[in-house]
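Next come two complexes built around chain A: one with chain B, the other with chain C.
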Partner chain A sequence: MTKENKVKRHLLKRAKVNRSHAGNFVVFAFIFVLGVFMAIPLVYAISNSFKPLDELWIFPPPLFPNQPTLENYTGLFGLLGSSWVPMSRYLFNTIFITVVGTVGQVVLGSMCAYPLAKHDFPGNKFIFKLIFFSLMFSGAVTSIPSYLIMVELGWVDTYQALIVPAMGSTMGLYLMKQFMEQIPNALLEAARIDGAGEWRIFWRIVMPMVKPAWLTLIVFSVQGLWNMGASTLIYSEQLKTFPYAITQIISGGIARAGVSTAVTVLMMIVPLTVFIITQSNIIETMSTSGVKE
Partner chain B sequence: MFNKKGKRSISLESKKAMSGYVFVAPFVIGFIFIFFSSFIFFIAMAFSEQGMSNEGMVLEFCGLKNYEELFLSNMEYVKSVFASLGSLLIRLPSVLLFSFMLAVVLNQQFKGRGLVRAVFFLPVVVASGIAASTGNSGGLLDNAQMMLQGMMGDDTGAQNITESIISLFGEGSYGSVLIEGVAAVVAGIYDIAQASGVQILIFLAALQTIPSSLYEASYMDGATGWENFWKITLPMISPMLLVNAVYTVIDALVGADNAVVTMVYNMGAKQTNYTMSAAMGLLYFVVVVVVIGLLMWGLSRLVYYEDN
Partner chain C sequence: MSTFMQKQTWKQKTAYTAKRIWRFRASYAFVAPFLLIFLTFTFLPVAIAIFYSFTQFNVLEPAKWIGLENFKNLFLNDAVFMTAVKNTMVLSVVIAGVSFLLCILLGWFINDFSPRVRTILTFLFYAPSLANVYYVWQLIFSGDSNGFINAYLMKLGVITEAIQWFTDTRYMTGVVIFVLLWSSLGTGFLVMIAGFQNVDTALYEAGAIDGIKNRWQEMWFITLPYLRPQLMFSAVTTITGSFSIGGAIDILCGNPSTDYQAWTIMNHLNDYGGTRFEMGYACAIAVLLFLLMVGVNSIVQKMLTKIGD
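After this line comes the complex of A and B, so read on.
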């Protein structure tokens, strides 16, 4: 952080002093109570995963296990090792889909959003409206026609059947477009006058400026793709995803109840980790600080 | 400053347009192939009857027959459409207000900020497993779902959590009475908070793109925090207010856990009445378009764009 930024931060802090401490206290107390309630499912899931099987059926469920045990986790890894298709294959499928889908969604969505927000070309408004309309469609509602389209394209039972539709996230595009509208035209003009091409402007000016937007988009995308389970579009066992495999393993009912508690925790860890990493990278981008008018 | 339709030579203008198309092309081509073609097919299905042949399913155009049947024999459909719209009326303002307030608070500097943010994003992480239970994207984990649903899905779930806290204090003690009182209040907010995870993040990202120079200038001019909020924060964040409003409506109306969506999906996937499912889906789509249209019309005049 530069010295100038530090001074700005300092000024900002001073500007906020005129808020009363009592008000602050009430707000944070409220946030704290609510936060505790929000955190309970995770705490509960974690504590459940350390309970022996018999303790899972105590009602009302105790918050902490009486006799903590790791048998749920060891049981899970035992099961993972004994499947027909190696578990690493399922895991690879899910990681591959998540990474490619997320990168594609962010890059394609941003690329499309940039001219829609900042260029004026014939058909601009129409294209945006068309894309915007697709937002109002639920994937569940169009699942049958889209299956038939996948058949037409010959994509059934391939990775792209899962990845390509994920790349075309309209919500992501809309989010990026709204953020890009905020970038001052003067900055883009300056870059053009200095001889930068559109491609360069996009990667060197636009994308860094909307960093909070695409970091947020990454969180949403990973969250969605990581949890993608059994799909009607995939029937080869070696192409199926990790959540699907795990669903199969733990659908053994009561006998697998212990394992399923461990699985719940493991499945939540990845989106949460991505969330924490991206959020800690979001800092103020000061989108207009480069402009002196 | 040059404006969009400024005095420029035509060649440069068309050159700019070209680069616009190049950037848009990958997304739009994919969009046309994947979404638009299935959408056209979907419309065709809504006005057809399905039949069998040697080549598989065939569609025969039958006009509005599906809709006649829908309105005359399917009472549940209209009822759940109106129920969805009704619950949206409460959900939309409360979610927007809540997520905005929370984002403003979470944007401040305090210790453990990252942790608190993660906590408020938790419902999104947890709920995706539950959402999967409706079947469109497959189950996260069947058993985990049951457990999580029991814990946080419905009202009974909220009680469950309360009970587990009460059991810490012991039944009938002052602690448990207090907790029950708090829980009743929180249960309402809790539902809203659960639906606000994404919106909070979007607002947070928006708050972080507000240049601090604006606040510095207003500080120099002696503005109060209250004035800053109305004159700087709110206008600067207004485009994202629109995004969040749209997202909230979409999430509520066309999310996989919506009653109408479930009904449409089951009609197609479980009862294999594809054309009826398409007819129901298409009508619902029109309803959603009208709702979003009204929303955009109402909110767009409040939105401030820096350069326009």
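After this line comes the complex of A and C, so read on.
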């Protein structure tokens, strides 16, 4: 164990003052019961993907397959290989949109959040109110105006029609701003006195301190963009996304019901991996984020 | 003399503001890229939608200005809308309330475990948001005598006939709330987890020295006041989420649900916007939903500032 780790362990231990055994027991029981309740449907979805087709229709449905099989997965890959546009093309589109969109959303959102949280410039409150209230307006009725704007810009049937709007995520900005508010002003002031410019302060002090925030934002962003399916803005087959292609394939009726259980699991893998990587990073950053007031 | 003075001060004010704007030019540079995208792709569509709410607009023909007619109709001639408002209020108050409390409690409890266990538990509670597998609940609450719950209750002799969980008006609201709560630990929950990671442990030690006796006091006097920004974020996302419930109800109860028992504002909005092509009317619904959310949010935000007092 390195020295740094030892210090960290020590801090973790010291953090647990004010804890009684009875209280610990209640907390443990609560978490356990609720955890089982949350897990059942997910376990069920995964186990379903290993059931042979005929077992999917048994009533009452067994929690675990009687004769586990991989045929749903092999069937899926067979179908993926036989489509007109190669599957790798759809996959590339989705990966491209997810990566560029997520990076853009995190960087632009954080950049905007920093002055909104920490600089008292004229118009600050007004800009934030505008963004905050837009968060509460239902997206269901804005799709037609959005489409008209895309037509005006000539962006229909392009990548940027899917990527750029995602970069203006109001939720992401609000998330970053809330975390940045906890950064002590004294720290930023000290950096300014030392001669650091705002750009440097933002990258070297602010962003490292709100690491849990942007790691969380990455999860939301990837989850949203990865699952982006058919869009009214895209009509070329070459530009369509993976989820779109896959829903096309599994909408082939009961015969493809087995394959669709495999799709449910397969689509979860990427957001799930991102989730686990970022979460373990968030938890590692604990109590190492530097000076606090 | 007095007008001269006012002119002076007005002039001075402009000069002062201009100076301030120039001083904060770096801030504007930071804000600009996001703001440009936000104004074009989020704000502008919202503004256009608000404009449509005062028009009759079927997407194919140009919008026709009719003033407040849509709103008048919503309040006076649309009994289903009133049902939708009532249902949405009931559903979202229960779901947002319980879910918000769970976000805080779970974030707090999970924070006490060792890092590895923490990651696993976070995953467990967030998993339903990663994969919205509502169909599993349809099997569990299935209306025939083979559904999990029906079969079990019949075996125990509690009931003699299968219950139509998702269509019987006596049960559907309760069952819908139950299922939606399961998938409600999303954005707000993860942000609370991240927030708890951000609390400085030195604060707890200082608190212990200052005479904080147990975990509840520690939570109320130290952690929650520190986490106010995260609490506000969670509250806003939980409220907006629960007021926007619609699609999940279609899946569970069908469209429309029996006697409009679980019909929400979003269902109503999608009905007019998607099925009937009455965009103007749908936009008016969206405007009212927006006002409702803004109202509820401002009340909750006021309540949150009282934490730790």
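Definition applied: the second predicted complex is superposed on the first by the 267 of 293 C-alpha atoms of A that agree within 3 Å, B and C clash if a C-alpha of one lies under 4 Å from a C-alpha of the other, contacts with A are read in each partner's own complex, and residues count from 1 in each chain.
One rule holds for everything that comes next: contacts are C-beta pairs under 8 Å (C-beta built on N, C-alpha and C of every residue); 3 or more make two chains touch, one makes a residue touch a chain.
The model shown is predicted, which means the values in this text are computed figures rather than measured ones.
**Student:** In the superposition on chain A, see if there is space for chain B and chain C together, and answer fit or clash.
**Tutor:** Result for chain B and chain C: clash.
**Student:** For A:224, is the partner it touches chain B (first), chain C (second), both, or none of the two (neither)?
**Tutor:** Touch status of A:224: first partner only.
**Student:** Taking the superposition as given, does A:85 touch the first partner, chain B, the second, chain C, both, or neither?
**Tutor:** A:85 sits against neither chain B nor chain C.
**Student:** In the overlaid three-chain picture, which partner chain does A:156 touch, first (chain B) or second (chain C), both, or neither?
**Tutor:** In the superposed model, A:156 contacts neither chain B nor chain C.
**Student:** Does chain B (first) or chain C (second) touch A:280, or do both, or does neither?
**Tutor:** In the superposed model, A:280 contacts both chain B and chain C.
**Student:** Figure out whether A:115 sits in contact with chain B (first) or chain C (second), or with both, or with neither.
**Tutor:** both
**Student:** May I ask you to decide whether A:257 touches chain B, chain C, both, or neither, giving the answer as first, second, both or neither?
**Tutor:** first
**Student:** See if chain A has more residues touched by chain B or by chain C, and give me that chain.
**Tutor:** In the superposed model, B touches more residues of chain A.
**Student:** Classify the contacts of A:53 with the two partner chains as first (chain B alone), second (chain C alone), both, or neither.
**Tutor:** It touches nothing on chain B or chain C.
**Student:** Between chain B (first) and chain C (second), which does A:23 come into contact with in this model arrangement: first, second, both, or neither?
**Tutor:** A:23: touches chain C, not chain B.
**Student:** Tell me the contact category for A:190 with respect to chain B and chain C: first, second, both or neither.
**Tutor:** Neither partner.
**Student:** Go through chain A and flag every residue that touches chain B in one model and chain C in the other.
**Tutor:** Dual-contact residues (chain A): 11-12, 14-16, 18-19, 27, 31, 34-35, 37-42, 44-45, 60-61, 108-109, 111-112, 114-116, 119, 121-122, 124, 127, 130-131, 133-138, 140-146, 148-149, 164-165, 167-168, 171, 173-175, 178-179, 181-182, 198, 202, 212-213, 215-216, 219-220, 223, 264, 268, 271-272, 275-276, 279-280, 282-287, 289.
**Student:** Where on chain C does chain A make contact in their complex?
**Tutor:** 17, 20-21, 24, 26-28, 30-31, 33-35, 37-38, 40-46, 48-49, 52, 59, 105-106, 109-110, 112, 114-115, 118-119, 121-128, 130-131, 133, 136-137, 139, 146-148, 151, 182, 185, 187, 190-191, 193-195, 197-198, 200-202, 204-205, 207-208, 212-215, 217-218, 226, 229-230, 232-233, 236-237, 240, 244, 266, 269-270, 273-274, 279, 282-283, 285-286, 289-290, 293-294, 297
**Student:** Contact residues on chain A for chain B in the complex?
**Tutor:** The touching residues are 8-9, 11-16, 18-19, 27-28, 31, 33-35, 37-42, 44-45, 48, 60-63, 108-109, 111-112, 114-116, 119-122, 124, 127, 130-131, 133-146, 148-149, 152-153, 164-165, 167-168, 171, 173-175, 178-179, 181-182, 184-186, 189, 198, 202, 209-210, 212-213, 215-216, 219-220, 223-224, 227-231, 241, 243-244, 246-247, 250-251, 253, 256-257, 260-261, 263-264, 267-268, 271-272, 275-276, 279-280, 282-289.
**Student:** Can you name the residues of chain A that touch chain C in the complex?
**Tutor:** 11-12, 14-20, 23-24, 27, 30-31, 34-35, 37-42, 44-45, 59-61, 108-109, 111-112, 114-116, 119, 121-122, 124, 127, 130-138, 140-146, 148-149, 164-165, 167-168, 170-171, 173-175, 178-179, 181-182, 197-199, 202, 212-213, 215-216, 219-220, 223, 264, 268, 271-272, 275-276, 279-280, 282-287, 289, 292
**Student:** Quick one: which bits of chain B touch chain A in the complex? Just the residue numbers, please.
**Tutor:** These residues of chain B touch chain A: 1-5, 16-17, 19-24, 26-28, 30-31, 33-39, 41-42, 45, 102, 105-106, 108-110, 114, 116-126, 128-129, 132, 134-144, 147-148, 151-152, 160-161, 163-168, 182, 186, 189-190, 193, 198, 201-202, 204-206, 208-216, 219, 224-225, 228, 236, 239-240, 242-243, 246-247, 250, 253-256, 258, 261-262, 264-265, 268-269, 274, 277-278, 281, 284-285, 288-289, 292, 305-307.
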